[in-house]
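Before anything else, here is the set of structures, which you'll find just below.
Note that chain A is present in both complexes that follow, paired respectively with chain B and with chain C.
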Partner chain A sequence: MDPARRLGPAQIDVVAQLAVSTVLLGGIYALIAVGLTLIFGIMRVVNFAHGEFLMLGMYLAFFAFTLEGLDPYVVLLISIPIFYGVGWLVYVLIMRGVIHASHNVQIFTTVGLSTALQNVALVLWTGDFRVIRPWHSSVVLRVAGTAFNLSQVVAWAVAVALTIALFAFMKWTHTGRVMRATAQDRDAATLMGIDTDRVYRLTFAIGIACVGAAGVLVSPLYAVYPQAGLQFVTLAYVVVVLGGLGDMAGAMAGSLIVAAVEVAGSYVFGAAWKEVFYFLLFIGVLVFRPAGLFGQRGAETLGA
Partner chain B sequence: MTRLAPDRWTAVALFAAAAATPLVTRDTFMLDSVILILLWGSLSAGWNVAGGYAGQVSLGHAAFFGIGAYAAALMSARHLNPWLGLAIGVGLSIGAGGLIGYLSNRLKGPYFALSTIAFAEVLKIVASRWRGFTAGSEGVPVPFRPGFATLGLGHVAWLYLILVLALVCYALQMYLERSRVGYQLAGVREDEDAAEALGIATRRRKVQAVVLSAALTSMGGSLWAQYVGFVDPSHVFSIDLSVRFALNSIIGGIGTALGPFLGSLLITSLETYLRATFSGIQAGFTGIYLIIYGVVLILIVRFAPEGVTGIAARWRTRRDRAHA
Partner chain C sequence: MTRHHLVFALAAILITLTAVTAVVQGQSGDYKIGVLEPLTGPLAGEGKRHLEGFEIVRDMINERGGVMGKKLAFVVADAPDPTAAATEATRLATREGVKIITGTFSSRLCGAASEAAARQNVIYWETSCVDPRFNKRGLKNVYRTEIDATGFGWYNVEFIAKHLAPRFGKKPGELKVAFLSEDSSYGQGVTESARQRAKAEFGMQEVAAEYYNFQTINDFTPIIVKFKQLAPDVVHHIGYTNDAPLFWRQAREQNFLFKAHVHAGATGYGSADFGKALGNDANGAFALLEPGPGFRIESLKPEGQKIEKEFRDAVQKRTGTYPFGGHQLAGGGLWLLKVVLDRAKTDDPDKFREAVMSLDLPVGSTINGWGVKFSETGQNANERVQHYMLQWQNGELVTVWPEEFTTKRAKWIPLGAWDQRK
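Let's turn to the complex of A and B:
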């Protein structure tokens, strides 16, 4: 049963609680989705292995906590450079060779990467569900008839800060402008002297750093196991398609919508069925508005 | 046509060897290996009809496999006729395939792949949560009832039954290679706008390909459920399974009749070999062969996207040129 319902209306204002839960979930989904949409927008590659990097981030936090006693928020600081490096390496070793190949080649390259990473985790760390409980995950905050735990709030705040930082980077720095120019027209950008290979490398590294950091942030909230990435990444696809593939602001709005659907769906029908709602939403959007809710110009032909 | 002939001979040899296996040995392990090679080959051939010939690359074919598997298993578990279950599964998959095929008219490349994943995921959730009907995530055991009508067969009978399925799939693919419809599909795959301009009903052809593909995959799913004897939602609707169908076709040669069977021969043998070698360490084994899957997939699409049949064809041309 939903915790909000168990506590009853005397202590919890249901509508306020649902709204707060939506915003908290939405912030975390945004950080996962923003890397995916960045990689798609600039490289035109759907990274089917995106969830596996989230899973690796969660394992990093898990082992740092259980072996070294490091708090996930400390691990967050080292995880960003680590995953930036991982993304850089994966681009150089795997993605660079298929960046100009057909969609099918790209799809199966990242699908193959996803299968391989999942099973490397399975062989190394078994299929057990692993949970960490740092002190902040058991601190409950109560504000104006709503209740939530401290880990959730911090994860949200950090996710939002990172997403905004990325947004600002894309908008106002020279490198960000170069990246957006490449997204708009690869050939014209090359003619203007932009090293597109460097842009793609940077894009992939930043996208993976975002999702790795997201993995560390959610580690106190969800159990980690080799397929943990799957549940988040399917959701990130929904978010990204809702917002329009490649549209970063759209991804943020999409996160909130998906979170709202999930929260309201779990409240009304029970948590067991929540995924059905966002998948139905996903299929509905694909059928009726494949360019995303906000109708990004010609977005579905980008997939062609 | 010089390219086609050696493929044809390889296929004849492959199916003849499969048919002859029971004459040589009655070893259950050998028979089981051949059955699985033919079954995974047929399922991949089903995927190939949409993914290879029509260029509608799906990552959710497990949806049709699962529909077929559940239809047969639920009928068997209720002591009804599993053949009827197979037929119901095919009917449902045709409906679902029509729906997905309609989607494919609006969505291209990664969008289509994403929507097929979503479709399989929805079915997985429904099958695991609708406990009253499907028994939920515990899965459905299929009771063994001896007889052809109830699909409770020995290994030899299974081998010939699956061989028939494989031959049907192969023949259908041959048809797609040589017929007018097949050329139209190739047109749709290579350049949809050009095909449309030539007066090909591209939309209808794509839907037809996905529907046929769904029906074959569902049939394979029903037979798989009866053969293996157990159906559970997290396996039959998994992305891993969808990837496996695609992987066999890609390794063997996407869009060729022989490709899926050749890929299945390589991948299924590898799996059987690793299973025999690492049977002691269960979790470790699953992981190892899937790591190999993943790495092989990355390497094949990068360095030999036309698969084994393509490499063989290239090698033959080079040899012929050297002789000439």
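Let's turn to the complex of A and C:
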């Protein structure tokens, strides 16, 4: 008998649990996607090394916890300036050289960076799967027939806060306005006296700070190993395209949609199908609404 | 014209140099074999452990006079994916001139590597991969010392039917089993053979059979919610290293209760990383493996006792731990290669094959308590490559079955509530 077709109180619990799982998983995806959508949206660079910065964030949390006994939530505070610095450096050393080059060159550069970072991690820290177990990762919260993990709830809350903060920053601050102007038309922005190089540097640094923080936050939930980033990053691209490039609220909504497709698809049809469903969705959006479900029409070609 | 001459001259010099190097290698006191393992990429963790196992046993072999009168040496190559496995196998044979290649542990790699080796007419000696198709391709110089995935499935169902069912007070036919597996040829091979035997031989009730991709699974909750409604007695889950801890943690969160959980192989629940990830929360999970703590060395033949003891001491000396699955498969496999070479006294493929086929050692004769009897397809026999069920008990994976081989006993049968497994 197909369990999905049974009705009754047990079924209500199931639906509630699936909904909770969707929201929490969506939060994790959003956390990873906001930095990507920022870089993608403003700089028009597909950062294929995004997942590797996530992995580095996870390693930071791992070593801080195992060597210094620091809780990931303490590390979170340190990680933001650290990864801001890392992003700044990577921009100055690598990205600045290719920012005006063709998309192909940018793709090769970031893919190369991704491979290099993975292998540096492999050389330095081996291929072992490493896991930390801070107290909150084994705290289970049970509410009305549903169960969830405390670390997951915190990751979700930070994801929401981060998305709102970035949204507000982009919308209401002067710097945010400058960044949006640069995204819309790089040349016009330059003519208006905007230092686009500085804008890109700032964008990249903020984007990497976000994903580094995301890595720290997911470290109690998932094992870290040199390829850990790959597990999430293809999803993040789907999310960014669904939500519209550079759209923070869109990234949040896109994450929820991807998580819902994954959770419902796994429950009803089986886990083997989940990628089929969300990549069909991905292709569908690219065909029918290339600007994303929530993006402004034509946004995908802006600044190209 | 002069430019062309220059190119030819360069080519001639290069060819001569290569030939000279090859001759120099041949004359040295080393006998080189190719070792192909994933040393980078997602499989690198286990690949490196295998390499460590190979190196430990290589040193043991050299302390005992090497092979064919020479010191055994390795040419190590990295095979992160099937394409690299094939090109590196070809390079080892053509450029490095090795006559024997061993490796690659992963079922994702061994097919491609052995195919390429066979094309160069070199001997391919697999120590660990379990893809059932491996020995069914009519390749005459391809051998495998470990049993295949169908053997894993066979042993797992044997354990469920003959050991678990009576302890639950049930007949095997009354058991409800949920199958869950990662979708590579390893997971599929084990799961499909277990499903078949469970149904055909014991009439067990299959309530679910679910596959997933271990590299992209981020949440098991939907599957666990579904399984909870199906209320299986036994969960048969073949997992890798990142997905197994995730399933176990989320099953605990969802308070998914089952009577037993069975896995096979040195990854996932059979990996040391699982215990590290979960501490005492890991308690109760079973994994079919090579022998672990509790293993009664006295249950082996005298010559098996001796070599097993020396092997354990060598691993202890190098790593400070009891041998892990990777060490045992690579080490046990390489030791068998030495036994064959001692007998064949040559790496000529036909004479080597004769030596392999003539080996007939009972269970308990060598490292891991294995015996040897190869079939015409180059596969060591299921019933000779003795396997053992291990269980996580307070941070340690201990041998619990078959009981004649061990001092330890399976606990928590049936598994109680999650917080009662102490």
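Going forward, the second predicted complex is superposed on the first by the 270 of 304 C-alpha atoms of A that agree within 3 Å, B and C clash if a C-alpha of one lies under 4 Å from a C-alpha of the other, contacts with A are read in each partner's own complex, and residues count from 1 in each chain.
Heads up, the rule we're going with is that a contact is a pair of C-beta atoms (placed from the backbone, for glycine too) under 8 Å apart; a residue touches a chain by one contact, two chains touch by 3 or more.
Note that the structure is a prediction, hence the values are computed from the model and not measured.
When the two complexes are overlaid on their common chain A, residue A:262 makes contact with chain C while staying clear of chain B. In the superposed model, A:293 lies in contact with neither chain B nor chain C. Contacts of A:237 after superposition on the shared chain: chain B is touched, whereas chain C is not.
In the superposition on chain A, A:222 contacts chain C only, with no contact to chain B. Once chain A of one complex is fitted onto chain A of the other, the partner contacts of A:138 are limited to chain C, with no touch recorded for chain B.
When the two structures are aligned on the shared chain, A:126 is found in touch with chain B and with chain C.
Once chain A of one complex is fitted onto chain A of the other, the partner contacts of A:149 are limited to chain C, with no touch recorded for chain B.
Within the superposed three-chain model, A:283 lies in touch with chain B and out of touch with chain C [touch as defined at top].
For the contact definition in use here, the residues of chain A common to its chain B contact set and its chain C contact set are 119, 122, 126-127, 230, 234, 272, 275. Taken in their complex, chain A has these residues touching chain C: 3-4, 6, 10, 14, 17-18, 21, 25, 28, 119, 122, 126-131, 133, 137-138, 140, 147-149, 222-223, 225-228, 230-232, 234-235, 262-264, 266-267, 270-272, 274-275. If you check the complex, the residues on chain C that touch chain A are 40-48, 183, 210-213, 215-219, 221-223, 225-226, 229-230, 241-242, 245-246, 249, 252-255, 271, 273, 276-279, 281. Those residues of chain B that touch chain A in the complex are listed here as 57, 59, 103, 106-111, 113-115, 117-119, 121-122, 125-126, 129, 239-240, 243, 246, 250, 254, 283-284, 286-288, 290-291, 293-298, 301-302, 305. Residue ranges on chain A touching chain B, taken from their complex, read 40, 46, 48, 94, 97-98, 101, 103-109, 111-120, 122-123, 126-127, 230, 234, 237-238, 241, 245, 272-273, 275-276, 279-280, 282-283, 286-287, 290, 300-301, 303-304.
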